[in-house]
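So that we are looking at the same thing, I have put the structure below in structure tokens.
All chains are identified by letter, namely A, B, C and D, in their written order; residue positions are counted from 1 within each chain.
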Amino acid sequence: MTLLYFAWVREKVGTGSETIDLPDDVRDVAGLIRWLSARDEGYAAAFEKPELIRVAVDQDHAPHDTPVAGAREIAFFPPVTGG
Amino acid sequence: MTLLYFAWVREKVGTGSETIDLPDDVRDVAGLIRWLSARDEGYAAAFEKPELIRVAVDQDHAPHDTPVAGAREIAFFPPVTGG
Amino acid sequence: MVVRVQDENFDIGAEIDALRSGRTDIGAIVSFTGTVRDLGGEAHVAAMTLEHYPGMTEKALEALEADARARWPLDDCLVLHRFGRLEPGDNIVLVVTLSAHRRAAFEAAEFLMDDLKTRAPFWKKEETADGTRWVEARASDDDAAARWAGDAA
Amino acid sequence: MVVRVQDENFDIGAEIDALRSGRTDIGAIVSFTGTVRDLGGEAHVAAMTLEHYPGMTEKALEALEADARARWPLDDCLVLHRFGRLEPGDNIVLVVTLSAHRRAAFEAAEFLMDDLKTRAPFWKKEETADGTRWVEARASDDDAAARWAGDAA
């Protein structure tokens, strides 16, 4: 599974993309955020306030209770500020 | 006093502008329309339905009860259709 | 205050460029262009001629623009209307509004068009297969203008 | 369906011309251009960099455009958004809507901008005298997008 990070989430995590093997006990986006937060200080800082994190599963906006099984690409980013 | 006519009012009256001496008994726009209607068939046809006639007194939109004394220029035309 | 009444065509991009040139305080630019429409079939329009009331036209457009500037925080705006003979696809009218805020730019442009339709002294005469005919005013235009009566939204 | 994401600048007049070219069934063309604004003083912005999510961006803009076309009778429309480093006064985004009816063209353009602000994956980072900072999303943008929830007006 590919994980993507944008804007300040990318800066805090320290990378724009990575490939991971999803642990069996991670069921949904919220669980994935908890699992990532435990990896190191960068991830912990990026996901310190999960309510600020927006998520896209396979390029569609998705709430934190979205199941992650079968997803190919999950992206994490702050609320968008284009236009 | 200058009278101006536009669009189908102009076509029916047969001229775009003329200068008149205002009769003493014509007090307002409605009175002027009645007086003009009596001049000939063209005017009668143009002003047959006074409710279709819009008026500007000295280049400002004006209702039919607007006094005409002192006006320099009075224009008669159908509802506008620009834009 | 920019108001123009002309028979020549206009260049939308060039008009917008002239208004924004050298400015960095603008965030939003809205343009509205009205064009001659040919619905084809029985309603086929070969051309139209726009008559106007010189002198009052400029005065009415300036009053419109002053109203828009009083109601919305505009950095600048333009109202440009053509007269004379026009063919399907030709430009008729251009309104451009510039503001720090997109909502203000949108609303002011829509207000200018709605009010122009009921206040600016222009009349359209269409050339059709059956001869010429004066376009009739539409009640929907009065309704659109009435939306803006009272306070700004 | 026209959606473009590019780092190059765009020419508003040329984009409008390309959309209307050869058509005589259009009566109303609305364009919205968003530009980099420098408020000066303490809020002085020297430049900004727009980051986006390639792939999802195009998908999100295409979804937006499909929504607009489903809700309003549009003859055509364009959504064009830039990314990369931009300076005050530079173009950021262009939306153009073409319709037989001015109200539809205005509403669809405003809807596209409001929804783009909350759905398209772009992020702005500003360069100021105090260093760089990511622009924060505004609640007013959510409110603007929420206006369009439900049926078309």
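Annotations
Methods note: contacts are C-beta pairs under 8 Å (C-beta built on N, C-alpha and C of every residue); 3 or more make two chains touch, one makes a residue touch a chain.
Keep in mind that this is a model prediction, so the values were computed, not measured.
When the partners of chain A are compared with those of chain C, the chains appearing in both lists are D.
Separating the centre of chain A from that of chain B, both taken as means of CA atoms, is a distance of 73 Å.
In whole angstrom, the spacing between the mean C-alpha positions of chain B and chain C is 26. With each centre defined as the average position of its C-alpha atoms, the distance from chain B to chain D rounds to 48 Å. In chain C, the residues that reach two or more other chains under the touch definition are 34, 113. Looking at chain B, no residue sits in touch with two or more other chains. With chains as nodes and touching pairs as edges, the resulting graph is an open line. This structure has the following touching chain pairs: A-D, B-C, C-D. By the touch rule above, chain B contacts chain C in their complex via residues 4, 6-8, 56, 59-61, 75, 77-83.
Residues 11-14, 16, 20, 22-40, 88-89, 100, 102-103, 105-106, 109-110, 113, 144 of chain D touch chain C in their complex.
Those residues of chain D whose C-beta lies close enough to touch chain A in the complex are 34, 50-53, 55-56, 59-60, 81, 92-93, 113, 116-125, 134-137, 141.
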